[in-house]
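Chain lettering (A, B, C, D, E, F, G and H) follows the sequence in which the chains are written, and residue indices restart at 1 in each chain.
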């Protein structure tokens, strides 16, 4: 139940078409439905501003489908992350209109109406080719959440001229998401160039003492550029959700 | 040199009172001055939107004073964090107008003009009494950066009614900074209640397997509330800088 | 040899049907048998209140079968955890009456008599769909140990209303087992709601800086709800064993 | 407001001496009071079965006193942990009846009525002389919470005969709290001897690769005795709170 | 070139059959041969008392064979650890007399003469069925090095009676190797029972917070039984080599 | 009660001067005495071959004195480790004959009879000046336990000629204890030179990424010299106890 | 665009065949080209002295090919590391002249002209057979960068005579790259023998507490031989790049 | 005994003034002297190119003095690092000509002759004011070793213009030592700008999740600029020794 639907309900109450007590009861009973293996939270759109997102990794295609069917019937749309081909295929049988992005590993069904335009753009900067899956997850989720998105790829701190050449593009973003593995230094450089929010996403790319992204994570937490914030390793979705919170503000 | 001063310079150029070449030269030579032990970056206000902040820990009062004198002569103001009483006393001899907050461990000299009002409020939520120094650092820095600030103290997840009782206050913030030690669960709860940006600050409060804030840091990075971002342990200043980036957007 | 069988033996002694010395000798020689690869401890039921449980992971189906045959002949029942389909199939050939739960990965043969009713219920709460295998292991083992079990699934701290809606159910449990991955905050919330024992089980669910459950483990150890205790990562069996110790008290 | 006081209130409602609406309002406004630096949760006794406990470390004697005064006026009693001599002295000036235990570092004011007898005993076992402060914290808090407590000191796994000699005492406990540093093996041994709940408390005692209690913590989490649960390093209070939850069940 | 062969050489020198200078030169040129991928150290038997052992993991069967051929031609025997079936098959084609132990994952070719009897016995104690491969590696290597070996399997600290029942056997060993995973407590118990050397081998057996044997390793390093020494995780070979050093002393 | 005293007791039994039952009872009641804060294990000399050693760190001089008085009255001797000057002074008032070694931080009272000569020598090798306290603890404890001890100081792997120059001394030891901080490579070098047991003691000496001795500990556990065993960081006492076990064999 | 090509361009400018402004513009626009998934930095040869190297792991053969085609057309050569057979085969179809080294996992296309001779030799020392892939990566990359390379294999610190026997060869190197796993002690020994730069490469070889190369890494960082520097675990390429920087100086 | 002295000795041999046998004997007996607590390696200058350096931390002023006296009598000079005021004062009493640098914490006595000019310059770049002690240690040691040294202070990656403004100075160095705490990103930026060797020194500066320099260390090991090498945390001396090895080549 998205915001529009709730407004209708409240208008019905205001117009006397629905008793407050009945409205309250309906609201109280709506929050989540009982699937045998998951409870779906249709109110999240109200509280957090975007529909519940299905983390597909570790769920069978059938489980994902069952959850998405409930989401679709409640709100007309859904978004899945970490969706492999098997999940996408199973969903497509039931919802031919889905869009699956194999690099970003996202699958989503757009609502029928056009998304409300929101502030932006959100700029997604990535340091290396290997960081692309995480960067694309951030970019696609941002788009699905209704924001304009720009991308800037393969700009590493060992080649500063690449970053500097993109200075204008970086400056005009509303939020910058910086995706980097290895030493995770790129957010510090970008954070020093702009005054807008910078969200750093460490990736598990690297070898040896990168320890699965730990080096990049620690680097970003210790950034010497004040005001850089960090999300979990490889968590492109989380960065997009944070960027969306900022843009909606 | 803050934005206002730069505008004057550019106006002088536009009015023909200053040759562009001379202006450029002045700008090029302004960025930093050579102290024997530190370079001060007066342009930072242009790039990042707030004056350079002096991290006082590990510096002698004399070193802090020398840096602040340069900052004051360039911009008329300064802000120091992790400032103990010795630092504050030394600065007060030279700048009687400073404000020292012993809980937040901040010291600052306000610019003569009143700060431009900015969006807000920034709400600083803290979980326990012991988290107050970090929370106050976040709050005071936010105020010095020109934002309205509200505080909500001692709301822990083991007593949910406390959080819920403050629901209205939490909902109307532009940004929420959540400061918590121990298991670091409060940002997840707050993040699930609001759609605005939530910045989590782990503190080193706790004992045993809190490992100096590591438990809270990991908890916040793994928050099940999408879109929560994290800054370094005890980094109240960084959270305020990030919140300020968001509010200025 | 479970408690009932021991009572018979002691009764025989009391009735003069068995000399004390002979009884002592029999007891002394019973404790464990010599398999080539494992010693089975039939006295454990006496000392710890439940039969020895076979941890099947890393054992061949033949090894599991050999151990279970000895257990069955001594006590008439057995319980295996981490049992995959191959193990279950091999056991079923020999013991058609076994029950295999593929989600919980448990297999057990019930004793012929009905289990003595014990106090309860034990409530197993889990945070996410992915936590289900661990939660089910805890639930099934609790049932096999003779306790009433209730389940509450998919209640995360980012959606507090879900937890609050189940408040009544949580309050009436004798023990609450809380299974959660990611930041591991759910036990703190539940621990703050009830006065009964709360056993926290961190799971290895999560990604990035969850570090295979370390984040959840540290979060639970640092819980701000006093009196929450913790078992090993993914150790649903251990939580059930602890809950059973409490209920038998 | 402890349970007795609440029963009076409810009886007043039942007897018509207090309108339900007025009672509700009073309850709603009672939960916590606003100190400038802490909120006190008087309802906790209702929800969790014991009064809020003040963690004194990191608080000034004045702050502790202010919190204890509110607690005393609401419930007639209080309990502080990690209380050093300065805290105890300051509290004694105001509350001459307090009891301070310098080994356990606890300070408490007993309620005027005698505590209701509760099940027990809780047995606190400690491995070495150096573990005594943590063990005593567990023991004293258990006593303050109204339980019978027994102590068994200096029984290590390298001298099994010591443990075995106390076998009878261990067997008759309702709950066993085992406090140990170094390799943390004692809970496994005790857990294998009894069928009652065993709560393990790792201590930071040890040197070299004990890493501040990490070795003992990991040892206890990996205990081969099924059903042993663990609390945080040095957290004697937490173990007592957990034991109290079990005994009250 | 084993000790016997060296004695012959020296005897030849003493008898005038070999000039000292020629003997020296031969010795100097013998130490290692140049294979394209490995240098073999035939003198090790002189310096360390046993032939060089081939760690087969990560080497191709052909590489292992080439190394063993050189060892065999120099000394008449060899020993390989971590040898899988492919390695064993390849070696058997060339050396039909090899012995392969699939549990211990060892393969060896005995010297033609019978090994000199050495002191002992070396007792290998293991805690669980899953620890058997490491325990067997320790036992078989000890035997190949010429020692009498006894085995005691499946004696865990949660069932003390099992350990105590084997007290006599443990007491009469010359060295005890204790192999254990999980909390690694068994060496402390055994170390407290005997005055002979105790070598602890942590295994990677366990789950959750065992962290691949780290918990057991730390437990053993922090053993409260004085004089227990530790080798690397899963390093059954190293324990046997250490035991052999002791027995040869 | 050391071995000699026990022999007397048994001889009394054999001679009819003491009834077996009385002897048994005395033995059963002897094992440990009840001090308020510690139990002393007089039987340890029987089981492990040396008297109980008092770890003085973290105990008050009065506590140490009380324990030593019991030990002295039972066996005529005691040994304390990590003994600072305050402890030594307090003990000297009561036992003028004690020997305090301020570098090794040991204090001991020798038994009146001369120690029985034991095999040896035990060679203690240390890598740097800063490792001396740990090396001396190992050496002094070895001497107190009745062994001949030799010392070899300041031989590091970056100056191989130092090690090689001492080759003869190293070769003739019965056991070598190698004490080293930093990268902990010395035991590998020594282990490759001799065939006798090598016990490695990592020290917390070093800076930066030595992490309090962790680097040396890991280096020693991964030694490429087969059969090197390791004790805890800075645990000179433990190394001596292990060496003593070997020499007594 | 390698240095030669740049010299041509500059000569054209000097000769008046190219206007400075045009040259500048061309240079400014040359730095990188836009592939959909990677930006290639042709200027790197100018700035860092060697062409950009393609890290092939995690890229498809098609992606590697596309990058190499751009590199070849710009500079006539390329170098790929971590190249498996699939990558090599795909490249060979297009560039028959490539050289693929399956042990070093490198693939490269040499420039048509002969490489300029550079100082050397670079000596690559490796400790064990299992370290060969990393050592070969260092050796081959050094050769491709135009340096003379020598190799010394299988010299471990447990057999010092092997190192000493190669003393002459080690002494005459311009730079020594030392590749070692396990305890990582070899660089300390080599560093103590020579006065030239020593670059240490820890490898992930080892088991148990080697923790994927962490033990070797820490050992090397804590080397007691002053002036040893370290690169990332398994980073043979990085060591070669560092050695090349030194030789070109 | 530095190189010059050795040359004299060898010349004496060549000229017949010293018998070879006598020369050999003198050399053999020179390597180190026996102090009770340290062996001094006078040959190190021959092998490694600089005199032995005394790490003063953890040594008493008397111990430092005794070592320096031996060094001075052998070579006429010495260098101490981590020297506090007490050490410097004690040395000055005996050697009035010493130079003590309280920021670098170095103390040294120059040889009477002027140092031979060596290649350079060595450029020491530091990121923040707090990194100065480590940077100064690197700079002063480099000077004492006979190299020209330049310094560049307070250039962080969050203010790229500072680094770029010093581009010319950075380009002309023979070696660059980069000292940085926090995220340790500066070496990547500098490494991308130059083709000469870059030695990275992580410092323990930072707070929260910098974990005593671990974040900077990991960042530097994972640098995306190929050929950056790393020394231990805070090890300014080691960086200077490595730079000196390079410059002497």
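In this section, contacts are C-beta pairs under 8 Å (C-beta built on N, C-alpha and C of every residue); 3 or more make two chains touch, one makes a residue touch a chain.
Predicted, not measured: the structure shown is a model, and the values here were computed from it.
Listed by label, the chains that touch chain A and also chain E are C, G. Ranked by how far their CA centres sit from the centre of chain B, the chains are topped by E.
Summarising the inter-chain layout, the chain whose CA centre lies farthest from the centre of chain H is C.
Interface of chain B with chain C: the two copies contact each other largely through the same residue positions, with over half of all numbers used appearing on both sides. Chain centres here are Cα means. That of chain F falls 38 Å from that of chain H. Mean C-alpha positions place chain E and chain H at a centre distance of 44 Å. Chain E and chain F have centres, each the mean of its CA atoms, that are 27 Å apart.
Look at where the CA atoms of chain B average out and do the same for chain E: the two points lie 60 Å apart. In chain F, the residues that reach two or more other chains under the touch definition are 128, 159, 191-193, 208-210, 214, 217, 221-222, 225-226, 232-233. Annotation, chain-chain contacts: A-B, A-C, A-G, A-H, B-C, B-D, B-H, C-D, C-E, D-E, D-F, E-F, E-G, F-G, F-H, G-H (touch as defined at the top). Remark: chain D residues 128-130, 132, 153-155, 159, 161-162, 165, 205, 207-210 touch chain F in the complex. On the chain E side of its complex with chain D, the touching residues are 127-128, 156-160, 163-164, 181-185, 188-189, 191-193, 206, 208-211, 214-216, 218-226. The touching residues of chain H, counted against chain F in their complex, run 31-32, 37-39, 41, 43-44, 55, 57-59, 63, 202, 204, 213-214, 217, 232-235. By the touch rule above, chain G contacts chain H in their complex via residues 47-50, 53, 119, 174-175, 191-199, 217, 221-222, 225-233, 237-239, 241-242, 244-246, 248-249.
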